[in-house]
Structure formats: C-alpha cells, structure tokens
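The first chain written gets the first letter, and so on, giving A, B, C, D, E and F; residue counts start at 1 in each chain.
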C-alpha cells in the first residue's frame, strides 16, 4: 500500500523537530505517513546508533507513522552521489508517496541541506521510466565492496491507522483514481526489478531551522503535545546528562524553545501552534472566500 | 446584502483586464461580487466618461457582477488623501466585502499603484469603530466647496445571480455565521450614520500588469471567453479607430496578448488560462494531499 | 540635558511592545531615554485618550524613561505632511537624541509605516541649519486656525536616573566630547527660536511587527519581566472586558504571545529573550574576536 | 598555541587581496592570525609553485601572521570532497581558530566559491566528537596511492608577535576562559590522534570580489599601505612582464584598483579604507550608543 | 528644438555628482542635453541661492549642456504634489526629452528620493492628451497666492554644440523620424497652451548615491576630468571654508572620493571610470556578439 | 574556423526550446553558431538515442547551425565531475566560441541546472594556460576503463552559411582582430595537444524554463516559425503517440504553449516574440538614446 506522505531527513529526530506535528495531523486525517532517515546517527555525541533506532521506532509510533526506515548513509557525510540518489529513489518507488517532505535547502548542518538536494534529485530519478534501479545498484555494489543497503527499519503493524485512509482520500483533490500514481504523469509499467517508476506529485520543504519566510504553515495546535512527546522519545538525546552538556540545552529549556517556535509560526497565521513549510511552485486557489489567513 | 468580493481599480476597464475572469468565476459559484472604479475616465484618449460609464455597466453584466460604481476622483490624479480614503471607506462600510482585490502596489501607471495604497488604507479606516465617516465627509465638503461624492453607479437587478450565494457560502470556511462581519474582529455597533465599521477579512493584489512572481493564480479556463467579451464591451477603447492609434494596439492584436498572458500564468500552475495574484500573508494549509500544483 | 535615545511611535503602547526592553536596558546602563507618541489614542476601541495618557506615564516610569510626550496628530490619520514633519523636528531639536528608534517602514497599520517615514524625514529637517522651525510653525498656525502643538507630556523628576549617564557615555565610542552634537556634523549655532539644528547620529527601526529579517537583536533577558509590566500598565487596553473582546486577545493569551516573540528572536542570537531591529547602514567591526553570535 | 583567526583561501595571494588589512589589524591588536592556502598555485600563468611559496612566506611576515600553510589540493580543481574536507578539518583541529574567514560563496573563479563551501563543511566536521580524522585520512591514503598531505608551510618564529595576545584577549568578549575552545560548545576530550574536536566560534566571508552588499566592513586605514606591500611581495605575479600581459593589469594600474576598492568600502562606513565581509547570522548589539556608522 | 536627454535632480550640483560624465559624453556625441534642478538651494549650509545659480550656469557650460533651469520648489521640501507634478510636466512638454534621468528612488536625502517619484509621475502626466497644463497651473495660482513658477534658468547660446546632433541621431535606433516624439506613442495635437503632450521614451535612474546594484554603467573615462571640473565650479560648496567644515569633506578629500567611486563602477565593467544607472525595464539585445562586459 | 556562439544544453531538443530562435537569428546575421548536447537522450521515455541523433541533426540544419555534437554523459546523470569538465573544456578549446549560452542555474530537471554549473566551470578550465587537456583525459581513461569520448556529431557542410561571417564580424565590437581569442585575455600558445587555451568572452543563461526575471530578451519575431519547425523535427518526441501520452502534451497543445511563452517575453520588450536570457554582469551602455525598451 503506497504512502500518502513521506518525510525525509538526514538524522533520526530531525523530522520530529521540523514537521512531526504535521505528520501526526495527516495520520489522524487517515493518511498513511512515513519517515526516511538517511543516516543512523552514529556520529551523535550522545547515545549509540542502536539507542537511536529504538527511540526512532517509538517516536514513529507516537506520530502514528505507518512506516519508518533508516538508510546506511554515513552520519556527517551525507553526499549527493549517484549511489545515494539510487538508494533514495528505490525507497520512493517502493513506498510511492504522493507528497514528499524534504529539509529546506539551506541550513547550518551540511547533512541537512545536502539531504534536501539529494532527496529532490532522487525524486526525479525515481520517475525515469527507463531507469532500472536494481541493476544500477547491483552494478555499484559489485564495483565497490562494502556498498550495502541494509535498512534499519520500522513498519507499523497492520491496522495501526484506525481511521480509513480511503475515506480521507475521497475528499482529496489530488488522488483522483484508484491507482495512486495515475495522475502523476510518470509512464507506468513494472520494471524487471518489480518497481514501477514513481515521482511524488508534490515536494515541500520543512523550514523550521532556517530564518526563511515560509510559504505556508500547518496548524498543529491539536498535535503539539503529542509531537513534543515524540521528540522526548529520544531519551538518549534529550535527558539531562553529562556528555555533551555544553552542546545540548537542558531538558527544561527544550520545552520552552520548541513551544516558542511553534507559537511564533502560529501567530503568523492566526493559530496557536504551527510548523512552517516552503514550496517552490505558485499556489492555485479555487475559492477566494476560502483563503484562511486574515490580512488586516 | 453584503458583497462577498469587491475589486477596486483606478479606471473602468482595469478590472476586466486584471481579474475579470476571477470575478466571473466567483459569481458563478454563487458569490456576490462588486467593482469599484475610482475615476470616471475623463482623461482617456478615446471616448468620453459617459461612453465609459455605459460600457462599464455592460461589462459588469457580462461578468455577472452584482454591483459596480465609479467614484469622482479625477482621472490621472488618484491621490492617497484623507478625503479619498474616507470615500473608499464609506463604500467598504456600505458594501461590506469579505475579500477586497486591489491593484498591485507597483506599476507603470501612477493611478494604479496609488489606488493600491489608497484602497489598503481605506480598508484600515473602515474598520475603526470610533470613526464617523459621514461627519468627517461633511466636514470636508463644508470646508471645500466642490467636494461631492456623486456616484456613477450600476446595481444588478434583484435576482440576477441565479445560483444561490447562501448555498455557496455554506461551503466557505471563511463565513461561519449568519452575520457576515461576525468574525472580522471589528467591533460591531451601528454608527449614527447608519454604517457599522467593517474591515475586509482578506486583501489580495491583482498583479497582471507587473512582472512580479504571483503568490497564486486562479484558473479561469472556463471563464476566459466571457472575460474577453467583458473587455470588448469597452467599444470606445478597443475598436480600431483613428484617435490614439499610436498608443492602442489594433483589436486584432489585443486578443493575442490577452490570451498569451492568461496562458502564461496558466502554465505556471498546470491549467490552460489563469489570472495572477499576490497576497502578503503566509498561507495556511490544512491538507498536504490537497495542494494542487505538481512539483516536478 | 539631551536625550541619548528617543523612541518614536504612532500610538501609546507601541513602544512598549516593540522596543520597551531595549529602552529599559539602555536606561539601566545610565542613558537618558525618551518616548515620543505621535497621537493620543482617541481612535482606540477601548478607553479614552485621557486614560491612555495616564497609563503611558505609568509605563514610562516602569521603563525608567526620562521623558515622554504625545503630539496632537490625529489617531488613524498619521500623515507625512510638512506640518507634522516640523512638529517632530522641533521635538528632535529640543531633545537632541543621539539615537532615534523608528517603527519599521512596512507593516499592517498605516499609522505605523507612515510614522516611520515621517520620523525619518523630520530627522533630516531638524538638521538643516537654515531652517527656522518656530517661524515655519507659526506661519502654518496663522494660516490654518486649529493648528496647535499642545503636548500631552511626561517628564521624569530630576534625579530619577540613579546611575550616571556621563559615566556610561565615557565608554561610548559615539559621544566623544562634552558637546553632545559635536560630532553629529550639523552646523552649530543657536537659532532665534533658541533651537540649534540637530540630527540624530543613528536611526534604527524596531521590526517586531514585521516578518522581516532583523539586522540585529538586543538581549532583553534581564529586562523582559519589567517590560511586560510596562505593557500591562495599559489597563484600559489589556484587561479582559466586553468592548473589543473580538479584537483583543484575552489577557491570559498576551503573556504567551509576547514571550514567544521575545524568545524566538532570542534564539536567533543565542540568548533567552530579545527584541529585533533593522539598520540601513553597513556595520563597522573593530574586533573580529568580539563578534558575539556563533556561526555553527 | 591556538590561532585566534584563520583565513582560508584557494590560492596564495587571495587572502592578501580580500582580507589582508584585517588580518594585519588583528595581529597588531595582539591576536594570533593564520592563513591556509588550499592550493600551491601550480596552474598560475606566471611563476612556479616554488616562487609562490617563497612569496607567500614573505607576505605572511609582512602581515604579521603567526602561521601559514598550503595544502596539496590541485590548483584549478578545488573540489568539496570528503578527503579535502578531512584535510581542512585536520588543520582546524590543529590550529583551533576562534574565527574563520572564508571566501564569499559566489564568485567568478570556481576555486573561490568551492573553497567557501569546503571550508564551511570542514569546520562542521572538525567539531564532531566521534570523528577520528587520522584514521579516516589514513584509510583514504591506503585506498588511493598518491593521497598525501605534505604541507608547504610557514610558521612564525617564536616571539614574532611583539604585542601580547593575552592582553588583547582580556578585552575580548568571546574568549572567556583559559581554554580557547571552552565556550565553543564542542565536546572536549582528546582523540587517539591527539586532536580534540574543534569548531570555530564564528565564520565570516570576505566578499571583496563580489558585488554583494557586505554585512560589515573593517576599517583598515592604518593598515592599507602595509597590506599593499604584502600583495606586492608576489613579485612573480605583479611585476610587469611578458607572460600573461594580456590578463594581468600593469603594476601601475593595480595600485589604483586596490585603493579604489578599499576607499569605496571605506566610504560606506565613514572611514578612509575598509575591507568588506558578510556574516550569515544576525547581529547582537549591547549598546545602541556604540553603533558606529551614522545614518543620515 | 527638443532635448535628447534631460537630467532632473533636487539640487544644483546633484547632477554633476551622479551623471555629469554621462551628460557630457552624450553632448560630445552631438546630443542636446539639459538639466532641471527642482530647487534653488536656499537651504544649503554654504552660499546663497544666487551663488549657486551662477555656479550652476558655469557647470552647465563645462558639461556642454544646452539647457538648464531651476524650479522654485522649496529646498528641503520637495513634495510630490499635484502642483509640483504640473510644473515638471510643463518643462517636459516644453523641452521634449527622449531620455529622462531621475535620481534613484531610495536614498538618504528625502529631496532625492521624492524627486524621483515626482519626476516619474510628471512624465506620466505630460503625456496625457487631455490634460491642459496651463489652465491647471493658473487654476492653482488663482487659488493660492504665492504660487509662481519663475524659473531661474540658463540656455546655451545657439551653436554651442559644435558637433551636429542630427548626424548623431542618424545612428540612433530610437529616433526614427524628423518629429522627435513621433514614436513616443503619445497622441499628437497642440494644446491651446501651445504645448503638445509628450512622454519621454526612456526613464533611467542615476544610482551613485545608493548601494544598489546598477543595471548598467556608462564609461566616462574620457569625460572624468571635465566632469570633476564641473563639480568644482560650485566654489561656494567645495572650497575649504569655515562654515560647515564639520559636514563638508576638505577639498583635498573630494577628489579621492569622486575618483574612487567612478573607478569602482568602472571596474565592474572593465573600464577605468564609470557612472552607474538603474533601469526598470528588461533589456533587448540585438546582437549577442556585441554584449560588451566579459563574463569570466 | 571558430564558432561565434555555442549553446550548451543537457538534452537534445533543449536548445530548440530555450534559445533556438536566437541561434537562428545570429546565424542569419552571418555568425557561426554551434550546439553542444551533453547527453544522447537514452533515458527519454519516447524514442531511442539513435532517433534523437537523427532529429538533432535535422533541427540543427533548420536553425542554420554550423556545428552540433553530443557528448557521452549519461542521460539523467549529468554530474559536475572533473572528467565531465575536461570533456566540455576540450570542446570549448576546439570550437573557441566567443559567446557561450548555458541553461539557467536553477530549474526542475537536475540535468539542466547541473549542466549550467558544469558548463561554467569548464569554461574556466578551458582558459587555464597550463592545463593540458589531452594528458588529463588520457590519464583518466587509463584509470577507469570505459571512459571514452566518442562524439555523436554533426558538422555543417562547408558553405552552408550563405552570408559571410566576417562581414558580420566587422560590425561586432567584441571581435577586434583576426585572432578570435586575441582579446579574450587568455594567454596564447599552442599546447602539445594542439589546443590553445580559450575562454569564452561572454556567458549568458537561457532562462525560459524558470520563472526568473530575465536581464534581457532577444526579439525572435522573424525567426519564430522556423524555430518552431526545428522543435517539430523531433518527431519521436512531439508526434501524438501512445507511449508517454500522460507526460507529453498533445501536439496541438504544444504550439499554443510555445507561442504564449514567446509572446509573453516579447510583450515585456515591446516586440511580438522573444526569448529570455540572464547575464550575471552589469551592462555597459554607450548611447543612452539607443536603449530600446520604452519606460512608460
């Protein structure tokens, strides 16, 4: 079953900070949401990759995500290589999300902004009808020993999403037919690797970490507390401890920061808490009376 | 009965060129739309103010507008004065639109960009609970003889809008109660002049004349031909004739230009014809799956 | 005794919201600060101009301001006229501030952005050696009856500023000699009206109300609580009451908003609470090791 | 002993042109400054890499730099590879600068703008507590023969800096404790390779080559002549000669160009000569009276 | 005989600083150039309006201008009023320039940026076929006593321009017929006031005073020295003297500043000295091989 | 014989869409034009690489191009590697164009924006006097088997260009001597590989695919129909067929789109059809009377 929304980020716990409330809100509407972490967090000052894998699974459950995996791209060394693009493209063909959330394309952490370009270009590749991902990836792994793609993953138990996605999708203008990629303008036809081409219909950028003007925000007033809990699931990162006490704010401080950011973006749109996003395309408005944010 | 949408422009035939298709589309959805022309066109190279009044009425009928009037601000001399702000504010209190469409705030014609600021500031004034417009305007006219506000107007016959606006409004997230200004956060209470304060909920800017990136476009594919007819209703301006033949393109050329502009903006959003708008506020998106313009 | 800093705003209680913490901080450093409100607030939905005058005095005391006055420009009608420029220029010559804080030049409220331009142009006029403000103003008042300049003011009792401003000024690179305007490059010489020309050395713009990127912020962590008290001094505006309950947020909500804004800007610079400002000029840095905000 | 400031550039003689005056000024204040040239200049039209090494040493002495080295990245082929990032990161851990000056991130010469990104990402890497640079670099050199890191370097003789850096640092708000990286928020602890993680506190961008608006300039009026001498130390480049006479301006012209650029940026800030810089972060101002550039 | 180029500025000696070299170059090509100063300089710290009138005439002769006049708009009070627009529009109809040079629309001096908008809107008015300037201006002067339009002017002696303008114009793509306004798309026909409507074909903005990126520069290497002489013709302003010694740079300094600015802009385009301009419209290039500024 | 203009793009049929009219116009003026396609189109949904090679040759003939080749960079995987830069640099040294047209540096298709950076950096490399391309390329191919540079090319028959390029070049300000690279400021001297260094004098960016404001447009009114024919020469892409009918617009629609785009950009400059370009450098204007696009 294809995902409706996939959020891609460089590190476990990134998504929880930038668009966790939005993912939860969409899951509550009945959509199938997923999270792809490019790295496994082995460079993190606190905790091990294993700790973070467990915590990431817990956070995914809290956010009602249907799917979460981590690739094996080295932490601190996310690069926009052909191999990495292929790896991400394979996930996109497997999970077939209609909406892809990427990190914003500027930022302080190189892994973040590189993940943005990597995700975009992988989405392009995933839609190329003549590109056989399996043969490309196995060509690479035969060349260079050590190239593997063992996923460290999480898949929601069947039935986890209690509301019916189909019901929700009926109201969605984007999904018009039973075939989820029918209107995605990528030629159909299953490859010999079993993965038909797929390109997300919409790509948006989670911009929380960047002082850039958002194109839009998503109201997460109802989801704010649960989203905060998903962040706190990363006990190895956010409980007060000795290691990295110079880098990490005290847990008491985190709540205040997270809340202020969410409230700041909420204020821009007349709601209590919100998460900010950028989209590159123009908007298309159907009903002027339905534009939600007041002007004056 | 309050208007749902009011489009304000400096000159008769401006609205037809910048947002006529959008006004028609909204009228066809059942909304009550109106047009406020600030001047009567007496400086136009072709035709008289009387010709243009007649043509403006005809164009309004073609666009299914419920209301149209022209103020007496001198053509070629639209200024953002207190008096002009009061005049526009009075119209806003009388017509009580929820959405106000202004010209974009930069442009070649000074009347256009000044109309933008004038309209914005009048919208602000119209919402001030303690401002009595009638007494302010009569104070001005006693000071300066010659200040009058004779409107040259058009009002649609009752029943003209065949579809039911109320039905449409039920689906509109903006209008939540019977009282159209209830959620407009302007204190209620009727002034001694009979005009309660009113501030439009939303102000957007028609940007067709300016090479600025629109925030969004409105699909007018279905309305394009009728909108073009509304422009052609200005026979004094657009029929081939001697006067101004150096300034005005030949009629044969106008069709090509109007169509190319509409198609250009349509292409940006994956539709055939569209009209471009700018909004100053951020967007607020409720459903990521419903964002309409594809990314890649 | 000249002011070190003058904050100009359209309405009483504007300064408290945009730069009150900064004013307080500077007063605590020993500088003489002042506040010029252009209007007296008679258009406010809640309270009377008299209420606001009393509250403004109380707020000024809380912020340790040495001086505060309100001009008689009509509320809701701040215009950049010659007369208004002269009025503000007279205050600048009388109070002789070295730093002038203006509202940012874009915003939602026309009074705010007009106050910005008016303040800037008045600062220019105030420095013109050959301009005699008194004769210009009396020429105007003889022409138009009703032009008066009755100030509704507040002046701190002598000795109010307990720390010594001169001591502080010794450390200030700007003020190099005893004569406060010596290095302000405006020709000296007292006019027949007793007011020597004066131009502020520095003009900065308080940008809190606008989603514009600040040039810099001022850390107000120590001043935050007192600044909030100064805002709450406007009891007519911020206590829960019937009038305007649709416009005004409940008092419980105000605290959260004010805090989130201050914290958001603080986070940009690594401090807890801050107020944002824009300056038009480039910076001039003397010591690279002393640049305070970390990069990565 | 750690550096206070390190300027990184693609080619020998780049630093002399973009921020040499600033480096000299900081050295005169008692700071330890250093220069890292990524390449050895073997592609230069004039002179050999050996000529340039000698000249670079001479220029460093003129600028009172405490340290200068050149990496072995190929001239004309500066690439943002993992290996190059590791090489730069090793220098950063060894020299431990608090301030890092990079070239601006846009420009005409690909080596320049690539050096900017490479330097930034290396600074990020250098601070990762779990990254062992030595083992990473030796892994690379065992893989690919020919990867070496022979530095072509210059180290100032002990005692060269006649003024005391410690005295200067007492006045510096940035360095608050004896440990130079104490407030740099990177976890401490020495690696097995003997190089503790280190991340510069501040990264700024020398923008002389780009018509971009600087964030700030540094007054180099006192340093201008000496800085020009440091540039002239590159005799192989700047003496009149046959080779490259089509590319290089005559020596007589260089003086006029260098002076005009410095004066142009000086004029923006009211000083005679200055060098321009961009910083990405907001400013943080402590004393409004101390902002140096006048507004009007 | 119509002007080819008219440069409009707020104060005498503005044009000499921002576009004097360009005016001279165009005059040397055989074009008729003119200068319109809006004010007479009575607010200047140094010298009287009479001094400046004499100096302006001398400067015009040095720049080979064919025409120069000063309007009677008060110095320090340039406002974009109807009356001022009419005054400027009358000059435009009388002098009929094809190219109008305005000050850039942002700046430090309010007179400068207001002159920019005033000039633009006057150019618009001047082209309105139905606007009778004489009757409008006399209506104003009957209303308000004291409104006069005494020009303080300078007209070049016949034959002053030694090269033939017509010869030059033959090479100009703009002027295609004998009638100078024939292709200016403004309806012809002489008004009862003897002034046919006229709108400049091209409006460009002299941007020297503003750190804005120019659209293009004009090479004034050959004109630089003479242009500097035209500035020095303002003896009352630029000779060393007591009055205003705090504001004005010493004469020795002026040369260095003027030269650095010209050289800075020259360097952007590969020439020695240049003056910068902004145009709002896109360019139209006929021959890609003829684009003059090298890229790399 | 060197090319005057070379247009580089990622895919066959890109150039036809973005700057085909301009290439044709320049060929008609007598210039030698060329097209370099980086890939051979093997990833295209419709048709084979062989089909596209044949069609590309036909399109080149229609556009009167003197030269066209395709490199062997993989379609869908245009990367800015050292090897690819060397390949493009070799073409630049062989063909020696004075003007290089690149795709704009942002876009939807990664191949497009990467081609832009790759082309720019290759142009830089091609001018390095000490870089021996042949030895660099053969070093690479010995390392990695499979690196070849078999071109799939097209060269116009001698005499194809009926007008004389030399005649045209006489009017061109750029080409001042017989040696086409004489004023290109790259040191001369033939390498052992027979390819003297060469750097294009001018690089411009075809921006049709991007909603970015062009610096200038080129009037292609006379060339529009032939340019459209060159696009239709790609029968495998643009005839109506089953494969990819979801991605490709029907042929009937293409004409309307292409025409609207061309007309839209034409309208910006007062001509019927145009193609848009961006240049990074400032303009340099010699004659203000010759600026072609009217302002108002």
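Operating definition for what follows: contacts are C-beta pairs under 8 Å (C-beta built on N, C-alpha and C of every residue); 3 or more make two chains touch, one makes a residue touch a chain.
None of the values given here were measured: they were computed from a predicted structure.
K.L.:
Determine the set of chains touching chain E that also touch chain F.
P.N.:
B, D
K.L.:
What's the call on chain A versus chain C, same or different interface residues, using the half cut on shared numbers?
P.N.:
Counting shared over all numbers used gives more than one half: same.
K.L.:
Among B-E, A-B or A-C, which pair gives essentially the same interface as E-F, with more than half of the residue-number contact pairs in common?
P.N.:
Same contacts by residue number as E-F, out of B-E, A-B or A-C: A-B.
K.L.:
Find the geometric centre of each of chain C and chain D from their Cα atoms only, then give the gap between the two centres in Å, rounded to an integer.
P.N.:
Comparing mean C-alpha positions, chain D is 41 Å from chain C.
K.L.:
Roughly how far is chain D from chain E, centre to centre by C-alpha average, rounded to an integer in Å?
P.N.:
45
K.L.:
So the centre of each chain is just the mean of its C-alpha atoms; given that, what is the distance between chain D and chain F in Å?
P.N.:
38
K.L.:
When the centre of a chain is set as the mean of its C-alpha atoms, what distance in Å lies between chain B and chain D?
P.N.:
Each chain's C-alpha centroid was found; their separation is 57 Å.
K.L.:
Scan chain B for residues touching two or more other chains and write them down.
P.N.:
Chain B, residues with two or more chain partners: 108, 120, 124, 185, 211, 213, 268, 282, 295-296.
K.L.:
Chains as vertices, touching pairs as edges: which of line, ring, star, complete or other describes this one?
P.N.:
other
K.L.:
Which chains touch, pair by pair?
P.N.:
A-B, A-C, A-D, A-F, B-C, B-E, B-F, C-D, C-E, D-E, D-F, E-F
K.L.:
Sort out for me which residues of chain F touch chain D in the complex.
P.N.:
Within the complex, chain F touches chain D at residues 82, 120-121, 124-125, 128-131, 185-188, 282.
K.L.:
Give the list of chain E residues in touch with chain D in this complex.
P.N.:
Contacts found on chain E: 108, 211, 213, 256-257, 259-261, 263-264, 267-268, 295-296.
K.L.:
Could you list, by residue number, the parts of chain A that touch chain B in their complex?
P.N.:
Its residues touching chain B are 4-5, 22, 26, 29, 31, 98-99, 101, 120, 123-124, 127, 168-169, 171-175, 184-185, 199-204, 213-219, 268-271, 274, 277, 279-296.
K.L.:
Contact residues on chain B for chain E in the complex?
P.N.:
Spelled out, the residues of chain B in touch with chain E are 42-45, 76-77, 79, 108-110, 211, 243-244, 246-247.
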